[in-house]
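This is the structure, below, for whatever I ask next.
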């Protein structure tokens, strides 16, 4: 049981890292990895939302939708949960902790447009994961996305001191870097199959 | 001012800058050429083993690395700096990372990827994040896996091995596919195996085979202070220890694959590894763990290349995590 | 009037190309563009969804309370995506097998919600449709372009027609190759832009969320 | 904002949700039968291609295949006699689970195999869908389900550069046959 | 599994309806309640101002980026809405409208480099080695130009300009692209020699020298520097030129582009940048209260 | 006793042979001198003479302005020819008084000294030192009286003389120690009296054997008694040192390594204590003065002579006859150089001070100032050209050698991109511009210029903000 969860975690966080080996969540990945500070903020926010939405999605899907045989509404539900939750958290944070909101608020909004946030509950249902497995996948994906963001942010901060040819500054070089990291991550290929 | 008094003095235009006005005389080209020279014995040995094809692969990768460097710099309107020797070294290392039997276009494509995409797009020497030669190799591996996993047999006459030994696969390949016993059966004894591995009479990339020659070059670089022990030693030791822990043969682990080449010549590339010694130890440790993981669990028999590249990703993080210790900081706390 | 529709559509294709300029909806641009065909199919799916969403949002724009604007838009998008997904699953199974996941992920494409929010919710139906169509076309074009380059270099064929005998650079049909191709194309476009149109450095979008 | 606003906002969202729900359920109701029909059709076509002489192919039982996935054994009959079995099985490949159909005759000789889905590397592992690779299995018995890296006529020749995938398919076929053998040992009626 | 069951259309629709209605109700109530309970006031004006500003974050306004200025200009009733130099008059008017302030009169300014001592015309007293940056170059004996007031030519102004308006000529003098320049003043602050000044954009006759050295010293160092002879000051019919410690200084409010000074200057220090095609149109009178505006624009 | 030295540092070739054994000679009396009002750190002095005034040697011509400032004195007797801005070896023009010699070289009348100098009140001594215009002659030119007035709460335990002279080429301090050890040790005794310490040290690099010998012999003679009441604190205990207690001076041979002469590194080598970043030597109870400063202090207290001359080394491949000269402050470089056989073709770069930290000179119309320890004419080959320095290849050599434990590589890269604030976070302000990093850098990166530039920009920004 524990080993199973551990495998799911390691696989989703590192070996089958969503960004570098499954190519998901790229918009946000490129968008917020320019500075370490934003990358860290996004990492924390994203992981938290990820776990919570994985849990909520699992509950509603398994306890309500499956018995009713309305699985075809799952896309609507999953994204609905994320969007609703995010907006709720946004409103709440703005009032209760404005400093935190000032730091994390922008990321919250971005989360609703991140592929991973939808891919994880979809994978959970595809794989018939149980509750714990679902949460672990959420956590692992969050950790993996955070890892990717942090690596990328540290590299991009170093790149700011580099003499990159003008046409390649900004997004193009970020793509190339990601391609190179993905090339390095090919080293993990074939290690765990899920 | 009364400056006409010493016209001889006045007429001259002197140079001026902020100090220091003298230097140790160390220079980038000197370092690069020395490292290249330290690789020559191993390159020579592989030419001896694998014959003319090996020579042509090396020459091709070096020449194309130089050409692509000049081309990229010309396109970018930058100063052409091929004489700093870094492109030559990249080409040489790329060549040594390939099997001698690859078709001519592999070293050329590899050099293009190494020099243009991995190095010049990032601003050239000093700015690249990833080891150019290794990216070149990984790129070729992903593009031409068949060529890149077909290892020719050494042809030289230094051979002490039985004639049917090591048929085209690397020792690590055999280990992965068929197990330790099968590998051992190719040699007279365990001892014989170690000797053969040291001498390099086996399948593999050109630079993987001549371990003695590599060690010889590495010793020279260590002596000259161009590389330090921190990364190579932690890297190799970690692989050996992990292999032993998981029941493997640590000596085999150290002597096989690209470990020696990678640890001494590629995981030491200043540009792509952390600067601080403590961070370098962490880097070596990471390389060792990933190498062992890939060798034991992964889809490939060998993991040195990917281990170094993966740790390259972490170099900026390690640089952030380990900061230089300021003079007097300790006493400030006390 | 017609000219401005044309401008709206061209805007989506060139100056605000979702992939190359705005750097949005990148996952499919990397993951499914291994061939012209895949890129085309994905692009068409997005084109349809975007146009429909823009139209719907524009129609409903006065009926939706601003407090629940975002959830409502997401709901609309999710509905269209679900419909697309179900249709594909029933009528185009091979295509679905290759990119079923990414079809589902159209829901979260930032480009769609941002156009709904920035354009459709403030404009009349026809301009909204034109905007959605233009953006979708830009996306489609980008995907086809990337797909073509990757297919050509990776498989030696264009839209399935073989040009070379063997596959030249396998890596190009791996997603890793997608990053390289998009990065290099972006660089190329920036270069053209800077060289011939005096564009600003560091273009290629980003941060438009 | 007062509570009337709350109600208004809620109703607003409820209305949109309801409309969406209705539309989706209608679309689903229309497309789902088509999807099921096509899916079954695909399976039938694949099975039929494997065992053309079969007149009737029925699901016999389910078993646990690789990765805990559900394998299915189908019985192919012609003129009331069992002419063979088709096994839907999974194998753990290089980077994905390979879903395949394995057709065997009653003597456990392979009639043919079909790859249903796979996410291996294009150009490498994905070559397994090529005819030459699949055709190698035809007529093989379990003893010859061995992967060889070089040329071979008697055994299974690996796809070069993708030994892992080749071995996965081969082992998957072997496991499928083993599963059938075990089930038949348990259930004589099979 | 789902495939096994084929419920009829009505029941599916009803279930979906119920489910979606429920979801909508839950979210709608939750969000609406949260929106009410946790409502915070935000000043839409700040956002409006922020949207109106060009977003260059150049700092010409003296605040931390555009956002900083937006907050300040909304919050502080006395703060001028015209501090954004890149935005020019349009933005000032817009900001003024949003904040309900009086739109200030903004005279368009442009950066002008007051030195013509290029590589051929001015000498260097030693061979400078080091970082090619003017602010770094003055660390070595105050800069290598023989004229201590002269442009060093290492292009710091160009690197500093957020709008890419300054390029260096082949002879190492800055050339301001008067179209691109927004008068943000970043270059003025960046130049260690104080070569660059913001001048009223419609005024195109400039005295392009900064040297307060005496005539002979100037002549030794530079072919084209102001030697302080005062011919221009004496000759100007409008009295627009005065002498300040061996250097002629232009009063732009008086200059009428008559070009007398241009012809009089023996060193050819004074340059007329008037575009001949636009000449007529440019000869409109500037209001004479201009010096104040210059001070505001130049910060 | 050899205490472990500091971490890092470099070993440039010392090149001291040419002048190490040449005795100090008095330079010819200059025909005119240009005496800048700012030869020290702190507020420039204000001229108190006008054109046409007749002055004698030692006469005060500039009045100190504020606490951190010293007066300036005429170094020859003659007539004031001009007061105005003149080129200075520090780079930018500075206010100076020009005196034309009357050839008589007479001392001013009010020059008088003290025979019983060790029994004077510390405050009196400090005032004499200030009025004599004495500043650090090791190069930093910080007013000595300020250094010798630590706030009460800082208990000083060590008075250290800096005889390291770790810069290549320079031999002025070494010669002074060899030839005038007595003056130096007497100066140290005055310093110790002012600071009320009993432990005096002289740190000398181990390659100056003769100087070590001469100084040790002189230090051995220090058996004098404290003439004033003294107390000090060690390990939290207050020690009273009553009148009559013995002072002791030790000569410490130091490892030969640049920048051994830097204050913090010297303190570390002599006492084993590290001055924390952002702190001063007095925070660890130490005061460091250059040996020449000590000699000047002695001259001032004993004979009442203000600081009007100093010893400097004129050397390098570009100088025809290298010499150790005793030169009047204000003598123009061209006069000094012409006394050393003039400059030859080899000279490509002329530096005031040593080749590591010295200031390159564009021309020789600049005067010798109080901090001028040498004039070195470097040849084309040895003078490093940093015009086309390359990118940092991250080799880490600079990190290894930085005596302050900084990361010059990062500093350089940040500053290159104008990111001064971030550089500050990486310890920019702790860099004392020793140049060890540039010395070893294979890419020839001008790190010192980078740090100077960044510090200046930060200061400018701060000044603008306040």
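Lettered A, B, C, D, E and F in written order, each chain numbered from 1.
The definition used in the following text is that contacts are C-beta pairs under 8 Å (C-beta built on N, C-alpha and C of every residue); 3 or more make two chains touch, one makes a residue touch a chain.
Worth saying up front: this structure is predicted, and the values here are computed from it rather than measured.
S.K.: Using direct touches as single steps, what is the fewest number of steps from subunit C over to subunit F?
M.R.: Tracing touching chains, the least step count from subunit C to subunit F comes to 2.
S.K.: By label order, what chains touch subunit A and subunit E together?
M.R.: B, C, D, F
S.K.: Based on the averaged CA atom positions, which chain is farthest from subunit C?
M.R.: F
S.K.: Among the chains, which is located farthest from subunit A on the basis of C-alpha centroids?
M.R.: It is F whose centre lies farthest from that of subunit A.
S.K.: Report the pair of chains linked by the most C-beta pairs in contact.
M.R.: Greatest count of contact pairs is found between chains B-F.
S.K.: Roughly how far is subunit B from subunit D, centre to centre by C-alpha average, rounded to an integer in Å?
M.R.: Result: the chain centres lie 45 Å from each other.
S.K.: Could you put a whole-Å number on the gap between the CA centroids of subunit A and subunit D?
M.R.: That gives a centre separation of 31 Å.
S.K.: Please work out the Cα centroid separation of subunit C and subunit E, and write it as a whole number of Å.
M.R.: Using C-alpha averages as centres, the distance is 38 Å.
S.K.: Using the average of all C-alpha atoms in each chain as its centre, how far is it in Å between subunit A and subunit C?
M.R.: Result: the chain centres lie 21 Å from each other.
S.K.: By residue number and range, which residues of subunit C touch two or more other chains?
M.R.: Where subunit C meets two or more other chains at a single residue, that happens at 67-68, 71, 75, 78-79, 82, 86, 170-171, 174, 176, 180, 187, 201.
S.K.: So which stretches of subunit B touch two or more other chains?
M.R.: 14-18, 117, 121, 123-124, 127, 139, 142, 145, 299, 319
S.K.: Got the subunit E residues that touch at least 2 other chains?
M.R.: Counting only residues that touch two or more other chains, subunit E contributes 12, 15-16, 19-20, 23, 27-28, 31-32, 35, 39, 125-126, 128-130, 139-141, 144.
S.K.: Building nodes from the protein chains and edges from chain pairs that touch, which of line, ring, star, complete or other describes the result?
M.R.: other
S.K.: Sort out which chains touch which and give me every pair.
M.R.: A-B, A-C, A-D, A-E, A-F, B-C, B-D, B-E, B-F, C-D, C-E, D-E, E-F
S.K.: Of all residues in subunit B, which touch subunit F in the complex?
M.R.: That would be residues 1-3, 5-6, 8-10, 12, 14-24, 26-28, 30-31, 81, 84, 123-127, 270-271, 273, 275-277, 319, 323-332 of subunit B.
S.K.: How about subunit E: which of its residues touch subunit C in the complex?
M.R.: 27-28, 31-32, 35, 164
S.K.: Show me the residue ranges of subunit A that touch subunit F in the complex, using the header's touch definition.
M.R.: 160-161, 163
S.K.: In their complex, what parts of subunit D are in touch with subunit C?
M.R.: 8-9, 12-13, 16-17, 20, 23-24, 27-28, 31-32, 34-35, 38-39, 42, 117, 121-124
S.K.: For the complex, which residues does subunit B have touching subunit E?
M.R.: 13-18
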